[in-house]
Amino acid sequence: MPKTWRGHVLCAYAMAVLVFLYLPLVILAGYSFNSSRLNAVWSGFTTKWYVQLLHDRYVLDAFTNSLTIAIIATVVSTVLGTMAAMALHRYKFKSKNFIDGLLYLPILVPEIVMGLSMLVLFSQVQIPLGKITLIIAHITFCLSFVVITVHSRLETMEPELEYAAQDLYATPWQTFRYVTLPLAMPGIVAGALIAFTLSIDDFVISFFVAGPDSTTLPLYIYGLVKRGLSPEINALSTLMMVTTVALVVMAQIAQPAENKKEE
Amino acid sequence: MKDGRLLLAPAMGWLAFFFIVPMLIVVAVSFASRTPYGQVIFEWTLESYQRLLEPLYLRIFANTLWVSFLTTFLTILMGYPLAYYIVQLPKKWQQPGLILVMVPFWINFLIRSYAWVIVLRSQGLINSLLLKFGFIERPMQLLYNDAAVMVGMVYALLPFMVLPIYVALEGLDWRLLEAAYDLGASPFKAFRKITLPLSMSGIAEGTIMVFISSIGMFIVPDVMGGAKTVLIGNLIQNQFLSARDWPFGSALSIVLGILSLILIFLYYRAINGSKGGAQNA
Amino acid sequence: MKKIIFLMLTVFTLLLMGCGGSKEEKPQAEEPNTSGKQVLNIACWPDIIDPELVSAFEKKYNCRVNYDVISNNEETLAKMQAGGAQYDMIQASDYMVEIMIKLKLIDKIDKSKMKHVHNMVPFLRKPAYDPNGEYSVPYDWGFTGIVYNKKYVKKVPTSWADLWDPDYRNRVILLNDSREVIGMALKKNGHSNNTTNKAEIDNAIADLKGLMPNVMAFDTDTIKQKVIAEEAWIGMMWSGDASFVRNENPDIGYVVPKEGGVIWADNMLIPTTSRNPKLAIAFIDFLFEPKNAAKNFEYIGYDQTNLDAMPFHTEEFRNDPVLKEARDNANKGEWLKDIDEAIVMYDRAWTELKSGM
């Protein structure tokens, strides 16, 4: 794109949206250094919440649970969802409308209904509540988002590429591995990001299907809100944010130089 | 065809067992009755559906649809340029850019919402700044109203718009644009005739995800709106919790689901219609 | 690819079979615990037990306590009704105890096995929601009164009607709970907050609609922050919260209005599905040992139910003006009772109020 005034306007606009996204987070990080126990008023600088956080068994357990569940749910739902999206893209099904409907429904159903109805199911078939039920539930609500995202990516692709590969006697596996998969990758990554984001922050469904010893971070935080959110949670959020951003930046810097030429 | 079924089977099987089966229970409950203590008994009745037709509840439905429509519109307005900007970045910076957009959403939703409360409340950041520079004399009430609810909604759902639009734009054949420029099309015309129609699938997916999610939203009106508005999400929540009226809550959910399905269907028809038109032009 | 599919299918089928098969074996398997320790699964409000006491109990009884956090009564009930409560001990408020008794979700507690729960605050020995005191052990209690900020509210409020003062436009805070708020308006009009009389409720709702221009927000969970940060000037609040708020902001005052209001108590309960009621009883008793109880409630900040623990408290706790105001006026309180199907009427009225119709 030529660097015109239009380019600058676009850049400024995008930056403004980013400020909108990050403004509350900067405040949040600031309050992790606030000495008052409540996020109500500023009463002095401290780092004690970070120290306390490292010794808080409940918060750390909840954080580990959340991360484990989110990673497993993301991987499984991304694999299952991508497979389904490819099938929908490549093959014509007689019951296509039914399948589409089935895929959209989990997004349409209010969380509390999904949570409660799954709880009824789990208790009917006697799956004890715990991490397993949490993972099952998270996969269930992530799956549709992944299928939709990947499918929409595949739809924008030109089918000629796949046909060309087949004309060149590529096996279906080779076509998939070297043509379809790389082309679908942005969609898969986006789907996985959505799944992870949904899972790590889910409260309502998790509340109903969680059992003893499987408290996730959102569950813990929702409980804590009633007594007043401790800045420990701000500290944890700040650490999470800083770590993720740092990892992303480092991964970029560490990339081999050849990619840089594209700039 | 056989391969296709095999690929589809795990996801479908999963949903059939862990989603459809529970949903059938919900359908059954919506036709059931409630004991005085709030237990569900399976004496069939249409009462829950009849209650839905009361003007009070119809108005809540209408209000929710309006809020969701506005949220979707605003997320497109904010999300599209952002996604477009990220696509323009060098390849290497695109994925980090996307992750930067997503990171805020890995922080707990409640925490983020309360951070907004700190920004917007009467002694908050914005009011303090405006007071300091003399733009206002008394703090403005920025929170606990419809505008604050809207800020919260957009903030909560923006990534679900940015991601699909990015994915669609990323797959776009930019040579088409160059060709258009070569043929002397103005940037605006090129955007309207080429970029927009070709990224429509992304907007469509984003719209569906954002619209549907905002229809079921209930925490944002509580935190940002001071719980002074009732959306369907709140109403359903109340039926399962404080009112202990599971049949009515189930009926509300089912009608909400069907309504959303119809909207999606109509929306897709409209989109496909306009896309076909654009391609012919 | 096919291998992956095959694997997924196998796992799925196994899962299905595993689910369907075990239906006959009614008593659930014991929690897996590697160390052979006993496990106590409890679900309580967050921060309502001093973590040091939990650790002390774990040591004394060589067991592990899983402390799960619940944030409100209704969610606990919904979860238990759907068959999902695998807890040995839970916590719930007064009116919810009544409902859980009716729904047979909780068991009687054998209080003869306990040493320290017998010298309760008098009005909690046989409370209205559990008339024989068989099912519940009241743990903390309080009163819903008026909280106000002396900087902005110049005249000490005496009545719920003071919330309607036009000077407090957009500055009044109410709990986000239909029974509490409608009950407050009922009290103001001199009615019972458990009424099922339609005319009285309609009247209360009409009055509340008149209050709406003053209402800044309905909030239960973060009401404390809003009052401490002086966003809200006046409103209704639980005494335990008000005591906390006053410690953070000295301008805060708390009164029980002349019409009275809701008195409430949180209780320790044992669900019928409890796998280890013995250990649960031991745990409750442990929390009520006077020294432990005193330490515990200094940490929590809500008011004690155990009179034996009072001598072990600091002067500050015993004379806390907010807690004292509640204690002195406890006789003005009325318990919220379960009102059966009338709850649907309350909910409709509540929805009407909030959606402005």
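Chains here go by letter, A, B and C, matching the order in which they are written, and residues are numbered from 1 within each.
Definition applied: contacts are C-beta pairs under 8 Å (C-beta built on N, C-alpha and C of every residue); 3 or more make two chains touch, one makes a residue touch a chain.
Quick caveat: nothing in here was measured; it's all calculated off a predicted structure.
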By number of C-beta pairs in contact, which chain pair leads?
-> A-B
Centre-to-centre on C-alpha atoms, which chain is most distant from subunit B?
-> C
Report, in whole Å, the distance between the mean C-alpha point of subunit A and the mean C-alpha point of subunit B.
-> 16
For subunit A and subunit C, what's the span in angstrom between their mean Cα positions?
-> 33
Touching two or more other chains - residues of subunit A | 39, 41, 80, 83, 116, 120, 222, 225, 229
Please list all residues of subunit C that touch 2 or more other chains.
-> 5, 8, 72, 75, 78, 222, 225, 229
Taking each residue of subunit B in turn, which ones touch at least two of the other chains?
-> 7, 10, 14, 114, 123, 240
Footprint of subunit C on subunit A - complex, ascending | 36, 38-41, 58, 79-80, 83, 116, 119-120, 122-129, 173, 176, 207-213, 215, 219-220, 222-229
So, in the complex, the side of subunit B touching subunit C is made of residues 6-7, 9-10, 13-14, 17, 34, 36-39, 55-56, 59-60, 63, 114, 117, 121-123, 141, 143-144, 222-223, 226-230, 235, 238-245
Within their complex, subunit C touches subunit A through residues 1, 4-5, 8, 19-20, 22-23, 28-29, 31, 39, 41, 45-48, 51, 66-72, 75, 78-79, 82-84, 86-87, 220-222, 224-225, 228-229, 244, 248-249
What does subunit A use to touch subunit B in their complex?
-> 1, 6-7, 10-11, 13-14, 17-18, 20-25, 27-28, 31, 39, 41, 80-81, 83-84, 86-88, 90-91, 93, 99, 101-114, 116-118, 120-121, 136-137, 139-140, 143-145, 147-149, 152-153, 155-158, 172, 183, 186-187, 189-190, 193-194, 196-197, 200-201, 203, 217-218, 221-222, 225, 229, 233-234, 237, 240-241, 244-245, 248-249, 251-252, 255, 259-260, 262-263
Counting only contacts in the complex, subunit B reaches subunit A at residues 1, 3-5, 7-8, 10-12, 14-16, 18-23, 25-26, 78-79, 81-82, 84-86, 88, 90-93, 95-96, 98-112, 114-116, 118-119, 123, 125, 155, 158-160, 163-164, 166-168, 170-173, 187, 198, 201-202, 204-205, 208-209, 212-213, 216, 232-233, 236-237, 240, 249-250, 253, 256-257, 260-261, 264
